[in-house]
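This structure is in structure tokens; I'll ask about it shortly.
Naming follows writing order (A, B, C and D), and every chain is counted from residue 1.
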């Protein structure tokens, strides 16, 4: 305290303060005639491993659209904002996009609790919020006729997924004894809640129930338990980067090929299968998309993404890429980038996505085809695409 | 300053009162001066200022480094959120309940933890956050697990026949400002009281304080509970403002944020905490101009803080304040 | 029943070995610096990333990638040590927390910035399972166990007989005295820090084949796992850390099996708090006896 | 009250650390108004004996009776607050970032405020209590000769001046008994005189009794009436100061017999 705080320090600190005080609040120059699109995603910290793919997917779509001359001749300008996967940061990012950057459209976030916190902000500012990766059912329970008019979700809910998987596992594969091993998040938990709702219909029985925390790397204990309790299949709604870890440990414990993985968690990518082929053989997955999906648009996306970023795209990359294209289609259909016109167009849209037709229900939830696949001889084989309407709780 | 000392030679004009007036006007008029984004940022600063005030009592005045603040913040947020969602209670009920529940939770946690010294105490308090998150995730019947609470209603007041709802960013700002000012006054009162002096004594030398009859253990426990109450109040505002409470509220990131506010502003100074919360929010928002390197720059700022501003910014504020007052 | 318990104990020991190698570096750094290193997990991450880079970009073998990963981390640790850690001698605890948090943010997000945020798959290592005494384990895990034992025996010898080891013990007991007798304290801190970081990196490279997923934020989780261990082990106590890591590894395995995997991450801190209730100074002597 | 009883009576106090018997079955008493000395070679258990008597450590066996009340097992702060028996520490300790006046006010607070809750008050009563403490503090500061440096943080003062602050602090609560642990260690002779004067003043004018651990034999003989000698944890001998320094056993103990 003595003489450390001399004049120089005072100057430095005043400068720092001046900068921090003024920079965030100066509006950026208004570039005329662009469609301003914001993306909110975790870009730092541990959750960046999902946000990183989201951002790249969206960037790729924007680049493609702009290279092709934009939408109705107008280019899209993409602003990215870091949410760190926490609600406070997510809301701050959203506010900044709306008030400083003046965006009319926002895509985000990956984490459900962030999306839930963003909803009222978007509603308040009347900015179109397109969600592409959160699975909490509440998001669309409270959207559309449920309340928030400006929230749309282009991502399947867990209910449909859970039903499709349970039905296939019971009817086609004849499983009756299941062990639950899902991620400890709203996604993993709600998928299991829905599975439990449908499983009795198929005379299925759950023998053990475990949830792993994000970033978990040791499943040996749980797998040993599952090996001993005689489950035929593991119901796994997990994170994409955990699947290979789990699969390898299944091999390690000698239950690969004896217990089948069912659920969702990118079982189908080449890298995952290569990491433990025996464990994934016969695995059943309900996915919104898979890289091997046989449609020209999908194949082109995979190729372009891989050449641009030197890494294979995953589901998060795809859904964000697809959602930007969906937005572009809606703007095109509306004939203008006016946000309320675009919103009306979105409600009525029949968008041709690479996997099939997409429409929105009265809760602004996309009706998406769910692709059911099974890994056979090391490659995913598609067993069908299912689409079902969501039953909203009466309220 | 005592009267016997020499009067400063050239007394410059005292600008403190005009500056204070300007500050008050800015605080009151902020929503009309900047965009909603500015107002929002100020609300976030005010929300985090509350647990930081509590932490300042612990770290700055009593000398206990705690990382448990996020746990009590979370408990407060859940208490307020659950009350508002389930019973639709008025805001002040939620606020008081959040403070009381957080404070009460601090009692059984503080009793064993405060027996520990330095590093063990820090780790123990960090453990509360981690365990709190596990409870929030797994006690589904109460907390609704990972689904969390959402659509928490806007705060509303019911005073006799009168009732009104605080809606919109601007109104919420005034609510947060009112709570923030009250909390700051409360901290001021605690610090200025004889108990505040005892807290400083514990920080300076616990055994000596003990030998002079100060029941240090009781004081530490009481301050731990008070600090938890401040965190609970902050949690209540957080729940109402963000409308979402999830197990993510219990995270180390929030605890360290509060610590950064206290230490960055200047531990053991009320103005430091107020300033620190503005600085923290200003800094993290300013860094949004470069999203790719934002957290790298933030980390670098922490190092600058540690090595160049060991006492935080409070001594600078004091110098500035004295300088404009004409006191050399 | 008994064999299941036994199997879980074996699992726990393997997990514990990983924790032990990371934690011992952290506890040694605490010993000489009296600061908790919240960035310690980041060196684990750096080691893993270095090895991943060596395999995927340079096309090296796994064995060579171990060397690359550890060396890359040593270089980073040297820079961080010179710029930050040696200046922290005698700094208060709060400064230590903030400075190491700052380093953690910088390292983590620089890696994200350079390599992209997305997760990467680690290919390499000896992942084929083998059966020993009826337990099925990946070969890599056997390697981890062996390395862990070698590291701890080596550290015991080093601390007892080498000059650096003796200087470390001296610094951990009394910094002022060391300055008086002419031990260059910042230098000892720097070397201890680099050694600790290198061990964390080694642990990262060794576990990468079984943990597969590689991403910038992976270090944070390891930091949180090791924190309770170093406290339980008696801060600065090498042997205590080894046993604490094993205890935690085994406890985690048993909880994951018999209570539920979702409680696994709380085991560390819950055990820590229980232990501290019973023995406020940890299970093992707090006196820094390397 | 119990004027015929000794002020402090310690019976059969023992304390071991592991296998080491630091204090072994020591009994002493201090009369009202007395200045007693406790001497013994290094490691003879004097400090441990102090710690056990004042509640800083818990004795293994033995009873401590203060003014007719059994205070064995009370905590340090309770003994100070309720028993008005205060102690100093061998190392000079003050609240270093606070000035002398604040140091002394803190020392008086817990004796002026009736409860912990009352210390959180900011009202008129609270303010007048603090004002009273300040006045007393200023008096004591004057008496200790610290008036000129009273606004400096205690940590900036010399060791001797800090000792005086510490000593003045203990006089704030109008104590019955003060236990001094080597008050003269490491301070210059000028200040020694001043400390001696202050002890005598407190004893004569304020009626405070003392038990003093001291190595400086001159000081011991000049202020203490009665002296107890400890050696290897046990009481070696007890008697009048002038007799004690002549005692053969004491000389042997000090010379490392």
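The rule is short, and it goes like this: a residue touches a chain if its C-beta (ideal position, glycine included) is under 8 Å from a C-beta of that chain, and two chains touch if they have at least 3 such contacts.
Predicted model only: the values in this text are computed from it and were never measured.
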**Request:** Select the chain whose centre, defined as the mean of its C-alpha atoms, is least distant from the mean of all protein C-alpha atoms.
**Result:** B
**Prompt:** Measuring centre to centre, with centres taken as mean CA positions, what chain is farthest from chain D?
**Reply:** A
**Asked** Where the CA atoms of chain A average out and where those of chain B average out, how many Å apart are those spots?
**Response** 34
**Request:** Please report how many Å separate the Cα centroid of chain B from that of chain C, as a whole number.
**Result:** 33
**Prompt:** Which integer distance in Å separates the CA centroid of chain C from that of chain D?
**Reply:** 48
**Item:** Whole-Å gap separating chain B and chain D, where each centre is the average of the chain's CA atoms
**Value:** 41
**Request:** Enumerate the residues of chain D that touch no fewer than two other chains.
**Result:** none
**Message:** At least two partner chains per residue is the criterion; list those residues in chain B.
**Reply:** 137, 292, 294-295, 310
**Message:** Two-or-more-chain contact residues of chain C, please, as numbers and ranges.
**Reply:** 105, 108-109, 262, 265
**Interchain contacts, given as pairs of chains that touch** = A-B, A-C, B-C, B-D
**Item:** Touching residues on chain B, where the partner in the complex is chain A
**Value:** 34-38, 40-41, 44, 137, 145-148, 150-151, 168-169, 238, 242-244, 246, 248, 251, 253, 279, 282-286, 288-289, 291-292, 294-295, 308-311, 313, 315-316, 319-320
**Prompt:** In the complex formed with chain B, which residues of chain A make contact?
**Reply:** 1, 4-5, 9-10, 12-13, 17, 19-21, 23-25, 27, 43-45, 80-82, 84-89, 91-93, 95-96, 98-100, 111-113, 116-117, 120, 124-125, 136, 138, 142, 147, 184-186, 188-190
**Request:** Could you please specify the touching residues of chain A with respect to chain C in the complex?
**Result:** 42-53, 55-56, 181, 184, 209-213, 215-222, 224-225, 228, 240-242, 244-245, 248-249, 251-254, 271, 275, 309, 311, 314
**Prompt:** Okay, in this complex, where on chain B does chain D touch?
**Reply:** 2, 189-190, 192-195, 197-198, 200-201, 204-205, 207-216, 218-219, 222
**Asked** How about chain C: which of its residues touch chain A in the complex?
**Response** 4, 7-8, 11, 14-15, 105, 108-109, 112, 116-121, 123, 127, 129, 136-138, 207, 210-213, 215-218, 220-221, 252-254, 256-257, 260-262, 264-265
